[in-house]
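Both complexes below contain subunit A, partnered by subunit B and then by subunit C.
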Partner chain A sequence: MKNHRRLHGSFFRLGYRLLAAVLLLPILSLTYLSFVQQWEFPQLLDAQYSLQNWSDAFRGTDGLIESFLTSTVLALSTGFIATASGFLICRAIMYHRHKTLLLSLAYYPYLIAPVVLGVMLQFYFIKLGIMGTLAGVLLAQFLFIFPYAVLFFAGFWTEQTRAIEGQATTLGASPGQVLRRVLVPMAKAWLSTCFFQCFMISWFEFGVTKFVGIGKVSTLTVRTMQYVKEANPHVAAVAACLMVLPLVVFLLLNRRFLIRNTENHD
Partner chain B sequence: MIEVRGIQKQFGQEQVLKEIDFQLPAHSTLSLLGKSGCGKTTLLKILAGLESGDTGSFKIEGREMLQIAPQQRGVVYLSQEPLLFPHLDVFENIAFGLRVRGTDKRAVQQRVEQLLEQLGLASQARKAPHALSGGQKQRAAFGRAIVIHPKILLLDEPFGSLDSETRAEMQTLFQALRKAEQITSLFVTHDLREAITMGDQFGKMADGKIQVFADLKAFLAAPDANIQHELAFWKKLHEIE
Partner chain C sequence: MLKRTTFIVYLLLTILPLAAGMVYSLLYSLGMAGLLGKGFTTAHWQALLGSHEIWTSLAYTGLLTVLSLALMLAISLPLAYGLHFSPSGKGSSLGLYLPLTVPPLIAALAWNFILSPSGIVSRMAYQLGMISSMDGFPRLVNDFANVSILVTHVFLLFPLFTLVFLNIAKKENVSGMRDMSDTLGATHRQFFRKVFSPMLLQKAGSLLLLYAVFLFGAYEVPLLLGRSSPRVVTLIIVDKVSKFDLAGIPVGHAMAVLYTLLIGSLVTVMIVRKQRQSRAA
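Moving on, here comes the complex of A and B:
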C-alpha cells in the first residue's frame, strides 16, 4: 500500500516537472534567442552571444521601452476600470429580478471575434475622434474585457453575500461602509484574481488594439508581431521576454501570497 | 412601544402579508408561531428595511420607521444563519456596529470584552468565524446585534439549525441577555415549546395575518391544529409518566 502511494506520488511529481518543462521551454528558448546575435539551425550552442539586443531595447532605439510603458499603462488602466466596474455592475445585475437575462447579455461580445467587434465600433470611434489614440484603444479593450469581469463576479454575488450585506446594513453601516468594511475585504481574492486576468487579457490583446490603434498606438504585442513579420527574431525575442515579464512578476507575488496563506493556515 | 399597522405585501399575484397589526411594549418579547412560507421572514425584512412593504406603518416610540434608511432604524435582523463577516475575527465581528458608529476605541474594547465574557466567548475572541461551532457562531451573532442596543431585535428562527442541547443553552443565554440588556424583540419560530419559553407575549402567524393573544392561556387555547397537536403530544407523554 505504502509502495503504491510512493509510486503514485513519484508519478505525479514527474508529471508536474514535465508540465513545468513544457511551459518553461518557450520562455527559455525566447530568452536564449534574445541573447544571441546570429544563430544558424541546428547549431544551438555555436552562436554569437551578446547583450546588444537588450542594450538596444533599454536605450530605446527600437521603441520597445515606449511600447512596454504603453502596454503597462493600458493594461493597468483596463484591469483596474474593468475590475471595479465589473464588481459593482455585477452586483446590480445579480440583485435584479431579471438577472438571468441581464447576465446573458454579458456573453454578447464573445459571440463575435474581437476584430469584428472593432469593425462594428469603428464608426462610433471615428465620430468620437478616438481612432488611433490611447483612449480609443483603452475604450475598445474595456468594451470586451468588462463583460468578462461581470461574468467573473457572478459567483461572488450570491444570496449569502446579499444576506451578509443586509446584516451589515441593519447593524448600522451605510452603503459606503458596507462596501469598504464588508464587501471589498470579503472579495479581496476575487478582486485581485479578476484584476490579474483583465490585466493579462489587455496585455496580450492584439486584434482590437491593432485595428483601433491604426499603427499609432504601439503596444508591446503589436510591436512584437511587427518584429516577427520583419523576420527579426532576436529583437522579437527581447520584446517577447518583456511581454512575459508581468506574468512572472504576478506568479512570484502569487507564490508569496500562497506561501503566506499556507503558513497562516498551518 | 412598537406599533405595526396595516402592513401589506404582494409578490406578483400572491398576497404574502394581509393587514399586519400588532403592538409590543418596550423591553418585552413577542413570540410568533408560524409555519414555513407564512410570510414571517418577509414581515421581519420589511421591519428591518431589507424589503419594502406595499402599505402600512411601523412606529417605534411614535416615530415612523418605514421612511427611514435601514442603517438608521436601530432595528437588527437575525436569521437562522449567523452571517458572521468571514474576514473579521469574533472580536471584530462583535465590534462591527460600534466601529461603524465611530465609537471611541477604548469604549469598544471595554464593551466587547464585557460581552465576550457574558457570551462565554472570551477565549474565542481572536478566532475566525469558520473555526467556531454552530452555537458559538450564533452567540457571536447575538453579541454583534446587542452591542449596539437595538430598538428592536428581530429574530427569524435563530436556533433553527442547532442541535437540541445547544438550542436549550442558547434559549437560556438569550433570556438572560435580553433581561440584562432590556431588549425589545420579536421572536419568530415554528416550535411551540420555544415560542412559550422565549416570549412575554404570544401570537401566531398564518395566511399573511398575525393574531396576538391576551396571555399564554388564550394562546394555548387557540383553535390552531399545530398548537393542539403539539399539546396533545405533551399531554400523552405526561400520562405515560
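Moving on, here comes the complex of A and C:
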C-alpha cells in the first residue's frame, strides 16, 4: 500500500514537471530564438548567439519600437476609456429593474469574433473616414472591450453598494462626492483589475486591428505577423518577447490582474 | 434625464453597431448594397448554402472547438484534482498563470517554432538519432490532424480552467465531500468520476460555453497553423471580403450574417441557462 502511494506520488510529480515544461517551453523558445542568428537545421543549442536582433529593435531599424509605442498607446487608451465608461454605465444598468435583460445585451458584441464585427462594420468605418487610422482601430476595439468592462463591473454594483451609496447621500454627500469619495475608493481593486484586463485584450488583439488598420496601424501583433510572413523568425521572436515579457514581469508582481472575472460566469 | 441618456449611450455602444453591421451585411448579401448591388437577389445566399466549402468549414470549426475543449478538460480536471488534494500542489500553481500572459498569435508562433519540421522537437529528434533529416519528422504544423492548432488551444486554455476548477473546488468544500465519500466506501477514482468532475463541469458550464464561442471565432491560431483547406469560418469570411475577387464579397457578407446568427443563438442559450441557474440558486 505504501509503495503504491509512493508510486502514485512520483507519477503526479512527474506529471507536474512535464506540465511545467510545457508551460515554459513556448516563452523560453521564443526568447532563445531572439538571441540566435542563422539557426539552421539541425542546430539546437550550438547556434550563433547574438544581441543583433535586440540591438536592431532598440535602434528602431525594424520599426519595433514604433509598434511597441503604438500598441502601448492603443491599449492604455482603450483600457482607460472602456474601464471608466463601463464602470459608470454598468451602475445605471444594475440599478434598473430590467438589469438582467440589459446586461445580457453586452454578451452579444463581446462574443462575436472581433474580426467578423470589423468586416460587418467596414462600410461605416469607410464612411466615417477612419479606416487605416489609430482612431478607427481604437473604436473597433472599444466596441467589444467596452461590453466586457460592463459585464466585469456587474459584480461590483450590488445591493450592498447601493445601500452604502444611499447612506452617503443621506449624510449629505452630493452625487459627485459619492462617486469621488465613496465609490471610486471602494472600487479601486475592481477598477485596476478591469483596466489591466481591457489593456490585455487590446494588447493581444490582431484580427480586427489588421482589418480596420489595413496595415497602416502597425501594432506589435500586426508587426509580428508581418515578420512571420517575411520568414524572419528571429525578429518576430524579438517582437513576441516585447509583447510577453512585460506581462510576465507584471505577473510576478501581481497575479490577481491576470485572471478574468471568472466568478461571474460560474 | 441622465439615466435615459446613459441607456441610450449603452445601446448605442453595444447593440447598435452590431445591428447596423448585420443590416449592412444582410443588404450586401441580398444585392442591395455595395459595389455589386444591382437589386434584390438571393443568388449569393444560394451560392453560400449550396457551397461544399462553407458546410465543411462550419463542421471543421465546430470539430476543432469540441476537440480543443475535450482535450483541455482531459488535462484540467485531473490536474485540478491533483493540485487540490496534494499538500505541495497548492502552492505550485504560479506556473499556470504564465500562459495567461501569452496572446494567441504569439502562442501560435511559439508552437510553430516548436513543432514544425525545422523546429525544436524535430532538431531534438535528430540529435537523439530518431530521424536522419527534417523530412523524416511527421508533419505537425498546417497538418491534416490539426495537431499544432489543438496543442496551442489547449496550451492557452488548460491553465485558466485548472485555476477556475481549483477555485470552485475550494468554494464547494470538495475535501469534505471526499472525506464523506471515503467513509461511504467509494474509491478515489469513483469520487473523481462521479462527484468531482460532474460537479465542476456543471458549475463551470457557462464559462465552458463562453470559451466554446471564443474558440469558434478563433482567427490568429488557425491563420498561422491551419491548412489551406478546410479553413475556419472567420478566415473564410475575411478572405472573401478582402480578396480582389469582387464576386466573393457578397458571399463573405452572407457568411458573416450566418456566423453572427449562429453565435447569437449560442449566446442566447447561454444567457437563458445562466438565468435558470441563478433562479434555482
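One rule holds for everything that comes next: the second predicted complex is superposed on the first by the 224 of 266 C-alpha atoms of A that agree within 3 Å, B and C clash if a C-alpha of one lies under 4 Å from a C-alpha of the other, contacts with A are read in each partner's own complex, and residues count from 1 in each chain.
The rule is simple: contacts are C-beta pairs under 8 Å (C-beta built on N, C-alpha and C of every residue); 3 or more make two chains touch, one makes a residue touch a chain.
Note that the structure is a prediction, hence the values are computed from the model and not measured.
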Subunit B versus subunit C as contact partner of A:18, first or second or both or neither: neither
First (subunit B), second (subunit C), both or neither touched by A:163: first
Touched partner set for A:228, first subunit B, second subunit C, both or neither: second
Which of subunit B and subunit C A:253 touches, first, second, both or neither: neither
Subunit A residues touched by each partner, larger count belonging to subunit B or subunit C: C
Partner chain in contact with A:128 - subunit B first, subunit C second, else both or neither: neither
Touching partner for A:171 - first (subunit B), second (subunit C), both, neither: first
Which of subunit B and subunit C A:186 touches, first, second, both or neither: first
Subunit B versus subunit C as contact partner of A:73, first or second or both or neither: neither
On subunit A, positions contacted by subunit B and by subunit C: none
Subunit C-facing residues of subunit A, complex: 12, 15-16, 19-20, 22-27, 29-30, 33, 41-44, 85, 88-89, 92-93, 96, 100, 102, 104-109, 111-117, 119-124, 142-143, 146-147, 150, 203-204, 206-207, 211, 221, 224-225, 228, 233, 236-237, 240, 243-244, 247-248, 250-251, 255, 258-260, 262-263, 265-266
Subunit B-facing residues of subunit A, complex: 160, 163-164, 166-174, 177, 181-182, 185-186, 188
Touching residues (chain side subunit C, partner subunit A) in the complex: 3, 6-7, 9-11, 13-15, 17-18, 20-22, 24-25, 28, 33-34, 75, 79, 82, 86, 89, 92, 94-107, 109-111, 113-114, 118, 120, 122-124, 126-127, 134, 155, 159-160, 163-164, 167-168, 203-204, 206-207, 210, 213-214, 216-220, 224, 234, 237-238, 241-242, 252-253, 256, 259-260, 263-264, 266-267, 270-271, 274-275
Residues of subunit B touching subunit A in the complex: 45, 48-50, 70-77, 79, 81, 83, 85-88, 96-97, 99-101, 144-145, 148
